[in-house]
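Some structures to go through are shown next.
The following pair of complexes shares a single chain, chain A, combined with chain B in the former and chain C in the latter.
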Partner chain A sequence: MAHDEHNPLTHPEVRSASSAMYIAAFVLGIVAMGIACLVTVGFDLSQSDTLTWITVLAVIAGLGQLFLLFKLDLSKTMIWHTVSLVLTVPLFFMAVGLTIWMFHYLALRTMVGG
Partner chain B sequence: MSRHDNNRYRDRSPVTLWAPDAGHPDAIGLRSIGFWLYMMSDAMIFAALFAAHGVYTHAYGTSDITASQVIDPVEGLLPTLFLFTSVLMYGLASVALKNDDRAGVVRWMGASLGLGVLFLLVEVWEFAGLVGEGAVPQASAFLSDFWTIVWVHGGHVFVGLIWMAAMLIQISREGFTETVVGRFINLRIFWFFQAVIWVCVYTYVYLMGAS
Partner chain C sequence: MFVDLQGPWNWFWGRLPLLLQLHYNNPVIGFAFVLAVGGGLVVVAALTYFKLWGWLWREWLTTVDHKKIGVMYIIVGLVMLFRGFFDALMIRTQQAAAVGPDSPGILGATHGYLTPYHMDQVFTAHGTIMILLAVTPMLVGFMNLIMPIQIGARDMAYPFLNAVGLWMTIVAVGLVMASLFIGDFSHAGWVGLTPLTQLAHSPSVGVDYWIWVIQISSIGTTVGAVNLIATILKMRAPGMTLMRMPIFTWTTLGTNIIGLTSFPVLTIALLLLTLDRYVGTHFFTADGGGNFMMYTNLFWIWGHPEVYFVVLPAFGFLSEIVPTFSEKPLFNHNAMIVATMAIAGVSWAVWLHHFFIMGQGPVVNTFFSIATMLVGIPTGVKVFNWAFTMIKGRVRLETPMLWALGSILLLIGGGATGMMLAIPAINYVSHNSVFVVAHFHNMFLIIAFALFGAVSFWWPKVFGFHLDEKLGKIFFWLFWSGSVFVFVPMYALGFLGMTRRLDYIAHPGWWPLLLLEVFGIGLYVASIFAFLLQIVVSIRDRKKNAVVTSDAWQTSRNLEWATHCPPPFYNFAATPVVHSIDEWAWRREHGLTSLKPDHYADIHMPKNTMVPIVLAFFTGVFGFAAVWRVWWLAGFALLGVIGTLIFRMFQKDIDYIVPASEVERIETAYLEKMDDRAHASIHQTGEHGSPATQH
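Moving on to the complex of A and B:
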């Protein structure tokens, strides 16, 4: 993370700004969400097919934004940002997935309605 | 026994607690990783909300208002466009910062702020319509969950807009000092993070709710 200590504008996180990557992130996000919306309301797909498609598109948009906006990589500047995200993502999906799984079987066994 | 022997109890020589030539600490990098870790914990708040959404997606109780009646994916594209464009504007402000262009930073950040306000206004308009239809949070578990997810994200955007307004004042007054630049980088993390979370909200709440 070496940089000119007297000028904060030489910091690697400042220097990493890139118009091309920000525009690419914007286009990717808008196109992916637009297609996902079209898949949901414009096509007569089964619910599982729709969920698969919009999940794939969300993953593409999310990963694209993480890479293009945050510049996450294994460089000396960003490696610990990347590592902490990689360690957080499984926790995120475990929290969501296991909670839904637990309450799904709870509902089946107790017949509790909404 | 000499004055500088290994027995520290008797050694009265001065102790150096830091290396004078260690150089300038990377304050911006330290603040950035610290704030990034905070955002990771913030992501876990959204994990809890998405988990609740997965449980309450069809929990209408005695209410006859279903998800497909209150969620319009096409209407949801408008706030998506405003938020993503606001993030793009903040990105362009970052490029202006890189180029030491104070006027450019203020101009692009002002545009980002304005688009963020539009995002919130569209959300307010959408939910005001829901209130008119009786789709209030207390009507069902699904609706309380729907309101909470969207407005926890909206609350983040609101805080980001206040932060952005404060940054505009600081940049105009102080210029690009190390403290100001560090705050700018942290706000960039915060603002870009709202776009990533919105991808999850739009997909998991708006699109799945309508499918």
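Moving on to the complex of A and C:
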């Protein structure tokens, strides 16, 4: 019901698409994953160093997706998407943060996952 | 391939040759087969005999009308409620039959009539079906059916997406039913106990069915959530500010924000489990670097918000029913809104209470214990608000109100036991006992009661006639007594130390309580007959019980009562303008109840489409192929999904205009019919004919 555009090619989201950026996002993702793979399999790092490496790589790949692929910004078309994403950030930190906290204590006290 | 499959596999048939090894001589499954196939054949025969296929296709299967989609969601949910109930019947009778070493066994079972492997599948299917394929579709159905009318919209924001959501749910239902006869279902509990769900411990296709059923139904829930949120934010009638929105609409918003934010966690958890099972990774294994408690953690990060996903809409129903039958506005509308959103927010910070005993120690447990108890505050606010609504009101005990009162009473029991479980010291002894099972059934019964209240409350709006009151009350009392007889003994058994998911009960002293539970389930069976009879009788007497005004209960309060019963496909002849909270009550007070608009205008509506069914077909094939690891078929099905979506994007002819003259014709016919009915009803003394003066 809520649509003003009949031609999908004129949708603002579609208009902002760009093959170069898509390919860049794809390449960035592949490269980041490749390095992460190398780091975990090839390098002989301590557990915490490995985790730091792959976390940083994941953040880079994620940012690449957000800006290159989804084109998140504050324009009229995109602000809904951007705001929705920002609203989930507290949940993300809560879920991940509390998880790290509980598994930290778990590791101190038991051998689960060790 | 990457993993060691037990049993045969070849590239063309995948694991289907397994079927040649399975046995179909179990009469229980035989009976279910006869019931499902027989029932299906009866429906097909009836449709053919009455030449209804065309009608079904045009009016229902290809529809994008939110009301029809809502009704179909509810019917699917009710059918699955029945299926899930059958599982419950088997659990209860098996446990009562398998008590003590001397209890006899038949059909290959040492005790009772279900082998442990079957029993485990039965309770897994019961839980998965009840939560995801019975209660959730019914709730989503009501959100679909009622919410757009409550905010004065003509349809949902994305009618096509709405149909897609429905059809994804139906695919999931189809897969779960298929698993009953083709292969088997998971035996690892509705939560998917790790590492039991790993391929090494569950080599059959059961867990795979469970995974894909949940994944596909989650797609439906997620697109539904997007749609409902967008509808509420963008499609409200003029004057319908956020703070004027009816509470049910608010709870729909809260629910779907929870759904949209939490379902992805489940999707990912199951995806990682899928990788473990299909590719041989070690995310959740007990060895090889896996962390099986991480699965439990992820599951409940979704799981606890999910329980509020199902309870908030029920609170919404109560908030609509209680004021109507107390003939008074809801006490403190704003507090209700704040409480709803507070519950939604806190629901994200309590999930660890499902595994207090993991071993993370007192510091972490204390935090989650307090967080869990905090939920009691907004919930308490709600209960007090409903109570204050009834105080000094003119309370009428018609069926919807009975269900609502039952629901509120149950909330007190379920909330109190929840508080007990939230105390880690208590939880250490009661975790995985049937006390927990009684607690969460108590909570889900709140939802079931509210749902049946909603069915009887909105039935006249949707179908234009009342449900039979007398049979409705019998249904209510049977269901209530059934609940008492099943779950009070279950609480007691929990205190006595009975653990959950037992196929054999070693302690003969528990037998009397188990028998009481069987008596309770018998009452539930009787209640189902009362419900079916109620529907049949009401349809038979539909002329006598016809609704004569748009406001079927005469004291209703919100906008859905400001259009005809049943509402025309465009909902409102002219888009309503909203003046107040409880708009319909406001109009009644100001004498503005005429349904005839000043003038008629063209109405822009979406066109029916068969694309959602086609998508469902390909998705179903994909799910089945993925379960049986027939990779080429899964690949083609996925291409089919993508192709269909691309086709839809370039479909231009997706909407149409209803000209003003046509709207006028439909409206005039409606109004005349209502006049006739009103005249006719003056000459008969209907049960609903004596409304008190309204406020």
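Please note the rule applied: the second predicted complex is superposed on the first by the 91 of 114 C-alpha atoms of A that agree within 3 Å, B and C clash if a C-alpha of one lies under 4 Å from a C-alpha of the other, contacts with A are read in each partner's own complex, and residues count from 1 in each chain.
Quick note on the criterion: a contact is a pair of C-beta atoms (placed from the backbone, for glycine too) under 8 Å apart; a residue touches a chain by one contact, two chains touch by 3 or more.
As the structure is a computational prediction, the values presented were derived from the model and not from experiment.
Chemist: Which partner does A:Leu85 reach: the first (chain B), the second (chain C), both, or neither?
Modeler: first
Chemist: Figure out whether A:Tyr105 sits in contact with chain B (first) or chain C (second), or with both, or with neither.
Modeler: second
Chemist: Per the overlay, which chain contacts more chain A residues, chain B or chain C?
Modeler: After superposing on chain A, more of chain A is contacted by B.
Chemist: Is A:Gly34 touching the first partner chain B, the second partner chain C, both, or neither of them?
Modeler: Only chain B is touched by A:Gly34; chain C is not.
Chemist: Look at A:Phe70 in the shared chain and tell me whether it touches chain B only, chain C only, both, or neither; answer first, second, both or neither.
Modeler: first
Chemist: Is A:Ala58 in contact with chain B, with chain C, with both, or with neither (first, second, both, neither)?
Modeler: Once the two structures are laid over each other on A, A:Ala58 reaches chain B alone.
Chemist: After overlaying the two complexes on chain A, where does the chain B footprint on chain A coincide with the chain C footprint?
Modeler: Shared contact residues on chain A: 1, 8, 88, 91, 95, 99, 103, 113.
Chemist: So in the complex, the part of chain A that touches chain B is made up of which residues?
Modeler: Where chain A meets chain B, its residues are 1, 3, 5, 8-9, 11-15, 17-19, 21-23, 25-26, 29-30, 32-34, 36-37, 40-41, 47, 50-51, 54-55, 57-58, 61-62, 65-66, 69-70, 77, 80-81, 84-85, 88, 91-93, 95-96, 99-100, 103, 113-114.
Chemist: How about chain A: which of its residues touch chain C in the complex?
Modeler: Interface residues on the chain A side: 1-2, 6-8, 88, 91, 94-95, 98-99, 101-103, 105-106, 108-110, 112-113.
Chemist: Taking the touch rule as given, give the residues of chain C at its contact with chain A in the complex, in rising order.
Modeler: 153-159, 230, 234-235, 261, 265, 290-294, 297, 301, 348-349, 352, 358-361, 363-364, 604-606, 649-650, 652, 654-655
Chemist: Of all residues in chain B, which touch chain A in the complex?
Modeler: 23-24, 26, 28-29, 32-33, 36-37, 40, 43-44, 46-48, 50-52, 54-56, 58-61, 73-74, 76-77, 80-81, 84-85, 87-88, 91-92, 94-95, 97-98, 100, 140-142, 176-178, 180-182, 185, 189, 192, 195-196, 199-200, 202-204, 207-208, 210-211
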